[in-house]
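Both of the next two complexes hold subunit A, though its partner changes from subunit B to subunit C.
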Partner chain A sequence: MKIELIIFGKIAEFINNQNIEVDGIADTDAFKQYLENQFPALKNMKYKLALNKNIIQENTEITNHATIAIMPPFSGG
Partner chain B sequence: MSEKKIKNIFVNGPIEPAFIANSIAKHNSKTAIGGHSIFMGQVRKDDIKGKFVAAIAYTAYEDLALEKMHQIREEIFEKYPLNCMHIYHSLGTVKTGEICLFVFTSSAHRKPAMAACSEVVDRLKAELPIWGKEIFEDETHQWKENI
Partner chain C sequence: MSAERYNRQIILKGFGEEAQQQLLRAKILVIGAGGLGCPALQYLAAAGIGHIGIVDDDTISLSNLHRQILFSTADIGKLKVEIAAKRLQEMNTQIGIIRHPIRLQKNNILDILSRYDYILDGTDNFESRYLINDACALLNKPLIFAAVSGFEGQLAIFNAPDHLTPSTNYRDLFPIPPDKGEIANCAENGVLGVLPGILGTMAAAETIKLIAKIGQPLTNKILSYNLLTQEQYTIEISHGGGYTLPKTVDEFLNMDYQDTSEGPQGYKEIDASELIKLQQLESTILIDVRERHEVPILDKQIFTQVPMSEFGAFMSKEFYQKHVVLVCQHGIRSVAAAEAMQEKYGDAKKIYSLKGGIVKWRDHFLKP
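Showing the complex of A and B:
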């Protein structure tokens, strides 16, 4: 399964935007586990995912060619 | 969601006072309006452990921020009897003392304009995927976090 990963804020200082190929990941909860294994620094940070431009509030199925954004806490205004 | 066009809110760099003045002036033909409320956010020279903030560099997940802002705008128009509402937020570098946010609401009588303006600012800070990086005078930085 192909996923386009886009990163914002301070998380972009240690993870680059990238296209990844993953298998056996069905939903956003599993994807978070995957991310935290790949990038252990995320374990101690607050962040939210947006799947295809929808901010994830509860576990959601991921389909091929998804775009997933990793977003630290917002600080606009 | 309505069919209305999604408006851009982003401005590169600071929001100039002349832009704000011009925006106010444009309302002189809208004679049903009796009250305007304006909020402006200004970059503060915060002192963080002896280091002073020189500027904030803003980035955003623009597509998502604009969709979310559109939704907030629709909800605010449902909730309050407003004549109009304008929102501008900076991207890129804004120095201390410069304006980074401009929210402008108008209604026939003052109260809806004031309540809507305040609610838009609260929601925008909490819900829009925008990030501010505080750059200190010595060029180190830290990331802001809205509580």
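Showing the complex of A and C:
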């Protein structure tokens, strides 16, 4: 399955915007687990996922060619 | 009203006299007269917003000037609200500017926010942002949110329903604030002056759109802006769960925003609902400090037993968890344990004590 990753803020310091090919990941919970295994620094950060431009509030099915954005909170002003 | 002053926007197709009247009737509070607040204030005042309040307790310093464009070198050391109000009033003599040279805290924010129709958050720290979000949700005030980090910005409108979705708030995106040090602010991280300039101006545009009811404001959406690529990405926000939003003034006053009104105590006393939230974090250890013979016996999978008589020995060993929740029968020994831990770990760990203890929250502990 192909997924396009779009990364914001500090998270972009260790994950690049990229297209990835993953197998056996059916939903956003599994994807989150996969991300945190690949990038352990994420475990200690607050962030939110958006699937195809919609914020993920509960486990949601991922289909081929999905776009997933990873967004941390900003506070600067 | 001088129609000539606003002529170029009144003659604009899709804006007009009616929209201008709505701006003149509006009351807006801009919180933070900094990198975001200065440009937002300039355009809101120029556009003819009738009443503009400015909150900031800070004075102008040299390192502010590259981005806080209402201020000049001669203003260094003066109160931001005073100089900002003076400049804006000189620019537009027909509007009212109200100065609030204070820091918003739990005990004053509701009073001030209740005098305005729209709130623009241009602050620079999470404590203020959560405080403002919760106060706006409680008072039902639309909140225009702008923030920057590095070369990027975020812009959103919270707490304003559209015809499709009930209103969302900042906690629907990020239910709880990051730990201190997890996300750096501008002072630690640096910022190119033009970035908050762009975001602050965009926040003013969203405010004007919301008031004049034109276009599609970012209601229930968050826009991410990247200065280096000029790319924007807009995400739809839906209602989430798993957070506490105060529903009454009393609940609000009992929230912990870690503002300076809360004294030097390092550990925090929590209730059972906060315990449940902390319990879900991987980096939390729950410790029962009662002696081993005491009842009721708690689930040992969840609560690590460290009786007070063994507490010193426990603290001499390292443990990885960042959040430490201490419980005992009445919440008295757990406070003593919290004080001891606070002394040893300082800010390295977050220490909590269950207020009232197991007796007070019996239903929580004994439920099947």
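For the reader, a short list of remarks on this structure follows.
The criterion applied here is as follows: the second predicted complex is superposed on the first by the 73 of 77 C-alpha atoms of A that agree within 3 Å, B and C clash if a C-alpha of one lies under 4 Å from a C-alpha of the other, contacts with A are read in each partner's own complex, and residues count from 1 in each chain.
Throughout what follows, a contact is a pair of C-beta atoms (placed from the backbone, for glycine too) under 8 Å apart; a residue touches a chain by one contact, two chains touch by 3 or more.
As the structure is a computational prediction, the values presented were derived from the model and not from experiment.
In the superposed model, A:K10 lies in contact with both subunit B and subunit C. Of the two partner chains placed around the shared chain by superposition, neither subunit B nor subunit C is touched by A:H65. Ranked by how many residues of subunit A each touches, subunit B and subunit C are led by C. With both structures placed on the common chain, the touch criterion links A:Q57 to subunit C but leaves subunit B unconnected. Within the superposed three-chain model, A:K2 lies out of touch with both subunit B and subunit C [touch as defined at top]. Touch criterion met: A:N44 reaches subunit C, while subunit B stays clear of it. Shared-chain residue A:S75: touches subunit B and subunit C both.
In the superposition on chain A, subunit A positions 6, 8-10, 50, 53, 55, 69, 71-77 are in contact with subunit B in one complex as well as with subunit C in the other. The touching residues of subunit A, when paired with subunit C in their complex, are 6, 8-10, 43-46, 48, 50, 53-55, 57, 69, 71-77.
Those residues of subunit A that touch subunit B in the shared complex are 6, 8-10, 50, 53, 55, 69, 71-77.
Taken in their complex, subunit B has these residues touching subunit A: 41, 58-61, 63-65, 67, 89, 100-101, 121, 124-133, 143-146.
Residues 32, 34-37, 122-126, 129, 146-150, 152-154, 172-174, 176-178, 182-183, 185-186, 189, 191, 196, 222, 224, 233-241, 282-283 of subunit C are the ones that touch subunit A when the two sit in their complex.
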